[in-house]
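Look at the two complexes coming up: subunit A is in both, with subunit B in one and subunit C in the other.
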Partner chain A sequence: MPAIAREKLAQLKRDTTEARLAEMTLPDGAGWAAEARAAARARVRDLGLPHPRDEYWKFTRPDTLVQPEAPRAALFEAGEPHLFHDRDRLHLVFRDGVLDESASDAQALEGIEIERLGSALATDIHWTRDLYGVLEEAGQSPVPRPLAALNTAYATDGLVIRVTGTPAKPVCLTYLHADEFSDGMLHHVIRVEPDAEMTLLETGPGAARINQVMEVDVADRGRLHHVRAQGRDHERRAVTGTFARLGSESTFKSFTMTVNGVMTRNECVVTLTGDDAVAHLAGVCVGDGTDFHQDDTVFVTHDAANCESRQVFKKVLRNGATGVFQGKILVKDGAQKTDGYQISQSLLLDDDSQFQAKPELEIYADDVACSHGSTSGAIDETALFYLRSRGVPEAEATDLLVLAFLAEALQEIEDDDIAEEMVNRLSGWLERRAA
Partner chain B sequence: MAAMDNLDVDVKEGVDQDTVDAVKSLGKYKYGWETDIEMEFAPKGLSEDIVRLISERNGEPEWMTEWRLEAFRRWQTMEEPDWAMLEIDPIDYQEQYYYAKPASMTEKPKSLDDVDPKLLATYEKLGIPLSEQKVLAGVEEASPAEARDGERKVAVDAVFDSVSVGTTFQKELEQAGVIFCSISEAIENHPELVKKYLGSVIPNSDNIFATLNAAVFSDGSFVYVPPGVRCPMELSTYFRINAENTGQFERTLIIADKGSYVSYLEGCTAPQRNESQLHAACVELIALEDAEIKYSTVQNWFPGDEDGRGGIYNFVTKRADCRGARSKVSWTQVETGSAITWKYPSCILRGDDSQGEFYSIAITNNWQQADTGTKMVHLGKNTKSRIVSKGISAGNAQNTYRGLVSMHPKAKDSRNFTQCDSLLIGDTCGAHTVPYIEVKNNSSRVEHEATTSKIDEDQMFYARSRGMDEEEAVALIVNGFAKDVLQALPMEFAMEAQQLVAISLEGSVG
Partner chain C sequence: MLNIKNLHVKLEEEDKQILKGVDLEVEAGKVHAIMGPNGSGKSTLSYVLSGREGYEVTDGTVHLEGEDVLALEPEERAALGIFLAFQYPVEIPGVGNMTFLRTALNAQRKAKGEDEMSAADFLKLIRARAKDLKIDADMLKRPVNVGFSGGEKKRNEILQMAVLEPKMCILDETDSGLDVDAMKLVADGVNALRQEGRGFLVITHYQRLLDHIVPDVVHIMVDGQIVKSGGPELAQEVEKNGYADIMAEVA
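Let's turn to the complex of A and B:
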């Protein structure tokens, strides 16, 4: 790029960033929290908000996530209860990015301490201090994630959860979308203490536009299971950033299902810092229509020996939908005996849909086994023919093959019950759309 | 296994010092000598005057000079790309010579017999025979394409610094209708072809190194294969950088007309020096309907010494345009040399049913850095591409595969298969894979696979237990690892490449 164009672009980025920041004020908080927020705002200024010319946004246009106002998103009546509704759980409800205490259970469960972000950030001495914005900042290198820094600076709500034991039931967060122009900014901090274990469920669209960050610190031998369903709202927009740090022998499993929404960008940054840690990241995306755009951007860093990481991402796209996968395994010098695996696959159900992928490996240790695969193609005509010849109608046969295609990712969900619930919901959606 | 520079401190039990010393003395660059010859240089640095001077020395017509000047003006506004995983010391473009020619070449020799014996000896020493008699002597009775002992004939265009020294077998090729000459001769004798095709695959605005090349390229090879002709022998170019502080900027243009076939080999070496030298070449291939071009490279520029001093900066733009239906281009490269390699031989699959192939072995040792790969741009229907890339990294080297597979909406029923494997030898090197995949229709299939591993200990143990030393065992395993690509090489190169694989890795185990 010529120097002049580069300077022009930098200026453009500065202008867009300032335009966004001008409308916002840093929330109050304890001294340390105010500092963390101010530092995050400085990071945003320094990095500049994403621009379509940024390499990391090559496949996804960031405009609607960056602009000051959230674009309108019509409310969507799903006509069915949110996922996980009949499960024994600690249920907390957010409406357009704000905790609705009246609709939520009391924040008490044996084995965990749970608190609203605002109250944690107003407390002078709080464990959150060591994590809030800290993991997000660590995740800014080598690739900047300015929307996450923006979130740290201005997040209006969220939860801080300290897991000290093994709670008897999962924590379930339901995100409701009630206002056509709502612009949510949620920030959760989760600390799993040594040997503790928790399951976190998330479901729902959240807001017309939501920017959500989750900082996760899993201590030695701790385990966190995370299952998320990004709702069926057609016009919602979401950008999420998960920043996880894993201690030795710890486990972090995160699964995301995305259905509809005009813009979803899920960034997941995981660093394995203790030996023998395990990270499994998986995602299923079902997209329909030319305005559907979903992007999984994953960055796994192996910084300890003998760790295992898996990335399994599957996308089914139809009627002009677009799916994006950017995944990276970075094996640092010294992270010997690493086992890294990454697969991204898309099934294009028609000619207008597209898939763009950039599966990367960056490896500085020699005693490792890392592999990645990426495929894209249409539905297997022979399999379809076989099913039809057995009397299965075409639509049903297609759904069957779609579910079979998605199965590898769904199997990454640790809890079979939850996995089954998701499969049922998925097949219900597929059926109804076909009808 | 320890990297070479650790050999002194990190000797494994049971390995005696003699072996270590022997290993250490190996791994030296075989082609690091220089030819002591009187050279004529253009003044140092780069300016419009230098561009004009190069054009004038080549006796070029006005349109060519203008073409160069336009590129030069554009080049001044451009910046070097920073996306590759390379650490490049700043290049001072004004501290280089852009034109260096043996003084004996001032009068263009009429035939190889008139060429300075010192130059001929240089190529002889490099193992590139320029004397036709030697080969011809045994050929008279044989079929045109085959010499005695089953040795096939290879026509060579030898480029020494900025100029082409000579091209062999031109007469015989002429009989077949094939034009094979230096690009400066082509500009003089076949301006219509050059005008039509030069810059049509790599536009002058493509990237800073290609633009620089357009402005200052001094020579290179030109091939035109007329319709329906199967080129009767392999064509090749041998590039030799000799002069100090001199960049080499050659330009190769190959046109395979309808239904023709040509196989082209390229080799390169340079003397061992402490300063890095710039090599920025452009290769344009055009395959019309049903034509096939096979382009093979063994790149063995001086890679720098064990401490990373010197070596060639190899910034090359190579691109093929499969313009006609059912055309095919196959790139095969063995990249063992250069301090820094920045090179992405690509195929634009424009014609329906056209095919592109890319087979690559990239070996980096010591402090070498390579960022190489390919682009397969599928535009036509039912186009196919295949990418097999093997990266081997040892010492403190960094080796990156970077590639693009793009299926345009109109490229229905197209197919791509990509396999990128990396092998790491030692724990101080790096191997990276950066593929871009863009699929915009659903009747096409794209498959990408990549693995990274180290040399299997069981395989090592097996080879060692059969009496091989560690070096031999590694060379054997690596050759096996790279087999898919080695097999794609023309016979002339296959043996050389296998040996090169072994030599490049010498000193990487201890």
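Let's turn to the complex of A and C:
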């Protein structure tokens, strides 16, 4: 880009950013939390809010995520309970980005300490201080994530969870969308202490537009299993940022299912800082219609020896839907014996739908095994005919092949029972949609 | 039962005529064999009967018990009772063999207005059929045809046939890739269904399979037409002399 054009673009970004910030006031507070917020706001100014010319926003239009007002999103009547509803769990309910204590369980579970973000940020001495905005800031380089910094500056609700043992049941967060214009911001901080282990489930749309950040610190030998089902409201928008730091021999598994929603951008930034750590990031996306846009942007950094990372992302798109995958594996000097795997695949059910993929590999260590691949294909006509020739109607046969395609990603979910619940929901949705 | 009249078929994408007037009638409980050199149009006939895309019927009719087969979708033909054992069974990664069979069976029952078969009844049925064909539990659990040997794939086709109990069974070179023992198992499966009054169209290259499934009628297909029909002895003639004599005779 010529210098003049670059300067013009920078000015444009500054103007957009200032316009947005002018509409917002930093939450009240003092001490370290106020400092963290002010620093985050300075980061937003510095980075500028996303613009279509930014390297990682080429495939996804940021405007509706950046503009001051959340676009209207009609409420959606699912006609069925939220996922995970009949599981033994610690259940917490957020409505348009605010915890609804009356609809939630008491914040108590053996093996964890759990608290609302606001109360943690108002506490002088709190473990959250070492993490809040810290992991997000670390994740700003080399790729800027300004909407996450915006979240750190302005979010007032969320949960801070310290996992000290192995709770007997998962923590489940249900995100309700009740107001057609709600603009939610949630910021969670999770610290898994050495040898501790927890499962975190999330389900629901959250708001007409939600900006959600989760900072995750998994200490040595800790394990966090994260499964997220984004809400099926057709018009909802979401931008999520997961920032994880993994200690030695720790495990972080994160799975996201996106079905519907007009705009979804999921960013996941994981750094393996201790030897023998494991990160499995996976997702399935089922998109229907020209309005549907879903984007997984993943950055995994190997900064220790003998670590394993997997990225498995599958998208089924039809009727003009768009899916994006931008995934990077960075292996730093010294991260020997790295085992890095990345696959992103799309199944395009018609010619109008599209999949944009940007797989990247950057390696500075010499003794590593890394592979990545990206494919885009149509339904296997031969398999479809085979199924139909046995009496399976075309729509049902297509669903079977779609689920088979998604299976590799769903298998990444640690708990088979949870995986099965998600497969069953998916197949129910596919079936009803075909009807 | 199956009536094929003056069937002309060309490729949809190319100007290539493959079937050039096939007439054939298969009666209930009878086995008709079709033999013929490679490329004569045998597989094409089987695909057109089962409704595969890519072919255009330019003339002729196909009826099964009076129903116009060519007007139906593949799944409707299956529900009507047409079954094709593929020359090259298809691998479907990610779809379990059992799930596939249960989905197919229940879809056909639904199409006929019958209740779905319960999971327990289905399990009983499939275990019994699988045992007859010496198909082990592991093969049932694996994804459809994935990692199956050539012979296993063919036995899996016959298992599907035995479970779905079609009226009109079309076997396309089911004998290729089978050893003698497997061939006997397959033949026993076919013979059992034959006794129930089902019709068979057995496409084969060699006479071998016809030692075990003794056909009522043998047809020779050359260049998209049935050029000669006769009894089982015709198959032996082909085995001995090849197709050259017959082709010379009809030319």
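Some notes on this structure:
We take it that the second predicted complex is superposed on the first by the 434 of 435 C-alpha atoms of A that agree within 3 Å, B and C clash if a C-alpha of one lies under 4 Å from a C-alpha of the other, contacts with A are read in each partner's own complex, and residues count from 1 in each chain.
Throughout what follows, contacts are C-beta pairs under 8 Å (C-beta built on N, C-alpha and C of every residue); 3 or more make two chains touch, one makes a residue touch a chain.
Bear in mind that the values here come from a model prediction, so they are computed numbers and not experimental data.
Legend: residue contacts after superposition of the two complexes on their common chain; A:T290 is shown touching neither subunit B nor subunit C.
Legend: residue contacts after superposition of the two complexes on their common chain; A:E396 is shown touching subunit C, with no touch to subunit B.
Looking at the shared chain after the overlay, A:F405 reaches subunit C, while subunit B stays out of its contact range. By the document's definition of touching, of the two partners only subunit B reaches A:D350; subunit C does not. After overlaying the two complexes on the shared chain, residue contacts for A:I363 are found with subunit B alone; subunit C is out of touch.
When the two structures are aligned on the shared chain, A:N424 is found in touch with neither subunit B nor subunit C. In the superposition on chain A, contact of A:S376 is made with subunit B only, not with subunit C.
When the two complexes are overlaid on their common chain A, residue A:S119 makes contact with neither subunit B nor subunit C.
When subunit B and subunit C are set side by side, the one touching more residues of subunit A is B. In the superposition on chain A, A:L387 contacts subunit C only, with no contact to subunit B. For subunit B in complex with subunit A, the residues that touch the partner chain are 1, 77-79, 83, 85, 409, 412, 422, 424-454. Note for the complex: subunit A touches subunit C at residues 380-383, 385-394, 396-397, 400-401, 403-405, 407-408.
Touching subunit B in their complex are the following residues of subunit A: 1-4, 6, 55, 59, 333-334, 336, 346, 348-378. Residues 50-53, 73-75, 77-79, 83-84, 86, 89-95, 99-100, 103-105, 107-108, 111, 143, 160, 164 of subunit C are the ones touching subunit A in the complex.
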